[in-house]
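Multiple structures are listed underneath, in structure tokens.
Here come two complexes built around chain A, the first alongside chain B, the second alongside chain C.
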Partner chain A sequence: MLSKTDTDKCVACSTCVVQCPVAEVTTKFLGPRMLGPASERFRLLNDGEDSSLTYCANCKNCDISCPQGVGVSNINMLARAAYAKKHRPSFRDWILAHGELESRLAGIFPAALANFGMANPISKCILDKIGISKKADLPRFASKQLAAAFKAYKQPEQLSKKVVFFPGCFIKAYAPQTGMDFVWLLNKAGYRVELPDAFCCCGTPLYTNGFADDARKNAEKNLAEMRKWKEQGIKVLALCPSCELMFKEELPVFFPDLAHDGASYLENGEEFVLGCISRGELVIDAPGNAMKDKKIIYHAPCHLRALGSGMPGLDMLGSIPGLKVSSASAGCCGISGSYGFKKEKYDISMAIGSKLFQSIKNSNADLAATECGTCKVQIMHGTAMPCEHPVSILKHYLEKEQQ
Partner chain B sequence: MDHATVVIIGGGATGIGILRDLSMRGIQAVLLEQGCIAAGASSRYHGLLHSGARYAVKDNDAARECIEENMVLRRIGSQCVEVSEGFFVLTDQDDPAFERPWVEACAKAGIKTEQIDVKEALRLEPNLSRSVKAVYRVPDSSVDGFRLIWHNALSARRYGGEMLTHHQVFAIEQEGGRVKGVHVLNTVTGQKSYISCNLLVNAAGSWSGNVAKMVGLDVAVQPDRGTLVAFNHRFTSRILNRLHKSSDGDIFVPHGSITILGTTSFHADRPDAHDVPTEDILKLLDIGEALIPDIRTYRILRAFAGTRPLYAGKSGGQGREVSRGFHIADHQEDGLEGMVSIFGGKFTTYRLMAEKLSDLVCKKLGVHAACRTAEEPLIEEPSAELLEKAKKYFPVHGVTLAANRLGAAFPIVVEKAAALSSNPLLCECEMVSRAEIEYVASDPSTTSMNDIRIRTRMGMGTCQGTFCSLRTIGALSECRIPFPTPPTESLHHFLQERWKGLRPAIWGIQAKEMELGRSVYAATLNIDGALNEQKN
Partner chain C sequence: MSKKTDIIVVGSGLAGLTAALSARASGRQVLLITHGVGSLAVSSGCIDVLGYHNGCPVQDPIADLPQLNPEHPYSLAGAERVEKAIDWLQSLCLAGGLNMQKNLSRRNHELITVMGTLKPSYLCPESFCTECFAKARRAAVVSFENMKDVHPLLIIDQLHRYARFADMEFMEAMLPCPIDQSHRNVTPLDVARFVDTPEGLEWLRLSLEPYAKLYPILLMPPVLGVKNSQKVWGTLCDVLKVRIVEMVSIPPGVAGLRLREVLRNALNEAGITMIENALAVRAVADDKKCLSVVTSGAGGEHSWEASQFIIATGGILGGGVATSPGKAWETIFNIPIKAPENPQEWSSTEIFGRSFFSQMGVRVNADLKAIDDSGAVLYENVRFAGRTIGGYDYASEKSGHGTALVTGMLAGELAGKE
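The block that comes next holds the complex of A and B.
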């Protein structure tokens, strides 16, 4: 029902159309206003759905720009889910939506073999046949996934305070080092970290690809686990802005019965680290030679901006002595989760990202930084520059200072 | 045009229904309408195709007519009728003693009712009040008045019927107790003309009393004002009626992209009493809350009013007491030859009214031809191939809308869209594309943006003209389709007409919409200033 009253809020000003990165580069997308509030008025009348709806990347720049506070992207996603109920999404979309499951299967094989299985020219051709662009750089499975790395890691004994880490599927399968760097920082700040086995993918890739039922199952599992910790007054932290957005903004709309209590379970991990710094739990104003004169360019993921709670990652990087940090401020990177991997969307995705790529290249920075896993993949693909999560950069700095 | 066998006054449902009927029977007829098509009650109502259940208790004959005609219109006008069914809902404010006699009266009139479990009703209509006591299904439907009348007009045209809009009859010529013809003013050009005829048909609805007055007859036609509120989206899938004695604010009709709540009933002193007092709207919202508790959270697009052409006959009575049946008068009985009138009635039975009147016309002219309007569909269904082709040029939600609106002209517009380098939506809210607007604008009966609106719904959605009117006037200027008035004046007139409906309900989000419109036209484009400049 939320989407219906949201339809009423739209005054048709078209600000969202101007700000939509997809509409800017292709006419295949009718634009957020048309497919969102305008089409919504006809969805109770008609059964059909415009194929153009699949071109919405759910990047949420429409929501960010809307002066009336309309959740345009959520209208689109609800419509897509309703459409997917009647028309089964493609096998390709299933593959892209269920990355977590695949990573678990891949985990059975050594990463090198699993990655070779995915990245060799023959597999790429097969993937291309089912609709995954062979030009795209799919993320590589880590040699040791997060659960294994965490199990092998010994946290210091004497830590009295405790936090819980919600890693999300990307960090779990493709970037466990980011997760481990975060654990290291939290330990250093005096917190013991819990990594519950029950946590699974937040559901963003599932929902946006049309697998609402699977997303719901994940939400049920995750919320049950989060409630357990909340009752004990222990914070659950996330590093991925999309996961955070899912719990804070999307679940209450997609599954209002599940998340009726506001889903305020998840907190921003970087904001928490900033808190540690300001409380003096994490000391970083050391002599500061480790990063002296290093240049970093930071990209704010769209979903982070959609959260509307600032850029804690940029603030964190700014607190590192000697480090020169600038913000790319060049909009969307174009990848939007699995969107840019899709064959028919690859070129659109690269066209959207071109401004950011240029801005990063022009910056002459040593390193790019961003929180979102797939933004990172896209930046490396589009600029051939290394890209790290801000927590990893802070960890490297502190580690070097220690030496 | 200086002679017609039959001249029909009134371009509402009845008049155009008569034009079609007579044309199909091979009688040469011309219709004169003072404004644009369906400018009166035919478009100024809730768009409910009655099952008749509303009238069953009080006026069983009218109820029977409704259900019979309802079934006919579903058949002949499938593009204009949404077969959505209706609920009759007994709320905690309604008298339960009305329920039994109502069910019996419906059965007597041949209206199928089926009681359904309240829980099931709430599942089907989640916005319905949780405190309802009983729910019945009835075969109500919604019907697009503009569209139905247009399809009648186009069908009449194919049979040679002629229709002159913006032609006002200002005098009726009589000679020796017989009507000889009508004096007509073209309100667009100011030209006057005379049309002689063998027979004059007065089908002017609320204005029919005024027409009768021109020949010195005093007819008891009472215009009765009803106010309606249009909401920005559909919050029900079915028509919702209160299960009680007909009263104000007890019908919700989901309609295309919107929902209409109606109606009030006030005696009006003139047929064009179309002003909407804000109190009417507030009253409707108060009453509407019994069925839809969240009604105040929904955005009102606009409010409008129309006058019912109530005909009290010799029995008298006012407002809801007056029968919704119709009455045909051969003024021969009043000592005047060559003129017949039709009074009262309602949209749902327009075809039957037209049939009965046309029967009389045939009798008077000595023509033996049977009525075929109940059998022959208004327009042909578009082919599946054409719809598939159209998907290339229209957004999916817009294809059926355009096909239903355009009827026989749909293939032409699809071709036109294909020939354009692109076919953008000029009206995004109601999904009207450039090809459709260009086509409708080229029709000889189109003289203003308002005429385009009536055929396409351009300007009738969320933005109420803010974006589409500028785009439309720009597109039409670009492809050199002129109106009798210059573009700035056309635009100004159109916006004022739209804003007229916004003003009485200007609060909440619609007030923001209005401010956006004002800042575009009154401030940025300085339309008032531009208009004065052109005039001086």
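The block that comes next holds the complex of A and C.
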């Protein structure tokens, strides 16, 4: 048995129960300790499944809080995948899991039409019928998705160094500007960026919604492409903490045969930018009037906290002269990917996020910042405050300073 | 990649949190690195300074400090420092909306547990104080249906065995469970979270009203909210014209979570960044100077540089100390801890007796720096705090939170001065 999912490491201290954002707001969820390590022993007897397994949001606060290093959330996700093998997940879950496929279909139509197709009251009613909350703000497809925007963009020619960008499906379909801002920064630091067509969704929404086979296919494709670049000694960078966590922590547990060789070829894009700054490739010693006295409140996504790598986004914002940055430190936003879009989870999701919303509203900031795409959707939904990825904020600053 | 700051604290239990806060007070940059959240959130939330000494109950822990062995962390810190740390936490909590109180006669509180036993503690939330029983001799013991850890009849039966409560009149008050029937056991934390909402508070007020008319004291599990417990307690006592006494509960302890929230908020206001889910696996040192601590997590290994380090990683349960038969050692610097070779000598046949398991820890000097057998300092810029330190038996003494607080605050202050 993998040490990360070893149930015997659990001493039943109940720390995870106290820290679980879902258990905090609803008693419908059995809680991480009981559903994870405690139930796992019964699963070995193949003795049925607890009905509240779908209430785990896979936000990973149980793992973050556990003093013994038990991978509670992964125990839950493995159990969910095993359950889904015998009981087909719903059409609603298929829709939410396969967002990337839908974005490709949507790409055929003009974005306005595709978005109208999703956001008009009639569609919302239909979505609500299949179990997607009509109160939720589903993210909008961008008018030009990342692949098209990247193709249309001309990178400077004299760049000798090279990096590869793994954008993840959110940036690809809904926030291509974040991806392009990152490309701009990397170019400015002297790197040419590759955006391979072969990269597809990291598999997080697929696996957590019960489509393990589809997640496996994606993993095979992505890892093969990453291996190719790794062999050439070229770094692959990601901006989405959930994608990064999938490759670094979850794939080796979900598909140990695929990722046995140390899993990850993926690196944190923000850490790379910080490295560029400290190596002097990217210079921020301008007088700093572009963001003078602007106030930004930063939210650390749970999956970033779970990585245990620190807060490169917060460090990056802190490096911008004149900018006033504070950290919300208010826990989970509640969305957990597609969790908060589900009809029966919407209220739970909003109740979880209420602490963060309050903290952001109280901050009187001009702008919120976070790395995770769906955290961003949730923050804007819960606070009506604009929210940006830290790389975009750094790009705006440098661009303005240039003018 | 390596990152640099002034002072690094490893561990986010009571010792780590207080070390970070007191270090930050010096104006230096502080980074807190942690793996897990420590045991504070599931604890009683009361500060046990010294409950027993050599197996005998301690009345006044401060007066008894000079009798402790010279290696005891309290002896190293000095009695004055112990009192200073307690007062500091008290003012910190008050600023965060939680009124922590000493006993009026400056002796140990006798707190009531949900098992109906009495527990010595020095500093507790006002809502736990039991001095009101000196005047009022009648109380309703409140619990909730489906709350399997709190049984009024057991509590009443147990309390009657103590001379202090033998002649008291108690009544069982079982309230309906306010939480939807679910397959999950209801804990005081569930009810406390409900009471944090306006409808929950109103429900509790209405439910307690009939009992408040009959009895001057209501003895309850810690259900008076998590976020605003002080206010909830004050409001209910006022409107019901009654004194509410909360009992110390088993994990999840609720009051521990209240205290942790207060300290977390203070940390955030002080601008201290916390790196979570990062297990400190080793240190890089140049002779007697620690240069960096290396952490391992899902995101890979990271190196964190600082000029001062405070290690508050806990004991065996927290991961600060590891063991194999006949051996024990601190886990980041691999500092050996003297241990009986025969593992049978590690434990005690007396369940509440002293045992090596609750004593093992790093030997430190008055500066809280690790020392070897000859008394020489191992690392000039590394201090230890809380359970990682040896020289005391937190379980048999009932001194866990007290030692964490005193050494945490002292380590932070000393690191901030260097």
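We adopt the following convention: the second predicted complex is superposed on the first by the 399 of 403 C-alpha atoms of A that agree within 3 Å, B and C clash if a C-alpha of one lies under 4 Å from a C-alpha of the other, contacts with A are read in each partner's own complex, and residues count from 1 in each chain.
In this section, contacts are C-beta pairs under 8 Å (C-beta built on N, C-alpha and C of every residue); 3 or more make two chains touch, one makes a residue touch a chain.
Every value quoted in this text rests on a predicted model; they were computed, and no experiment measured them.
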Report for A:L274: first if it touches chain B alone, second if chain C alone, otherwise both or neither. second
In the superposed arrangement, does A:E100 touch chain B (first), chain C (second), both or neither? neither
Per the contact definition in the header, classify A:L30: touching chain B only (first), chain C only (second), both, or neither. both
Does chain B (first) or chain C (second) touch A:E225, or do both, or does neither? neither
Could you say whether A:D181 touches chain B, chain C, both of them, or neither, answering first, second, both or neither? neither
Of chain B and chain C, which one touches more of chain A's residues? C
Answer with first, second, both or neither: which of chain B and chain C does A:V11 touch in the superposed model? both
With both complexes overlaid on chain A, does A:D63 touch chain B (first), chain C (second), both or neither? second
So, does A:Q19 touch the first partner chain B, the second partner chain C, both, or neither? second
Residue overlap on chain A between the chain B contact set and the chain C contact set? 11, 13-14, 27, 30, 34, 50-52, 68
Show me the residue ranges of chain C that touch chain A in the complex, using the header's touch definition. 1, 3, 35-39, 41-42, 179-180, 182-184, 186, 189-190, 193, 251-252, 257, 264, 268, 273-279, 295-300, 302, 314, 317-319
Per the touch rule, the chain B residues reaching chain A in their complex are 82, 126-127, 232-235, 237, 254, 256-258, 297-299, 395-397, 399-401, 422, 425, 428-429, 431, 461-463, 466-467, 509, 512-513, 516
For chain A, which residues are in contact with chain B within the complex? 1, 4-5, 7-14, 27, 30, 33-34, 37-46, 48-52, 68
Which part of chain A faces chain C closely enough to touch in the complex? 11, 13-15, 17-19, 24, 27-31, 34, 50-52, 63-69, 244-245, 248-249, 264, 268, 271, 274-275, 305-311, 314-315, 327, 329
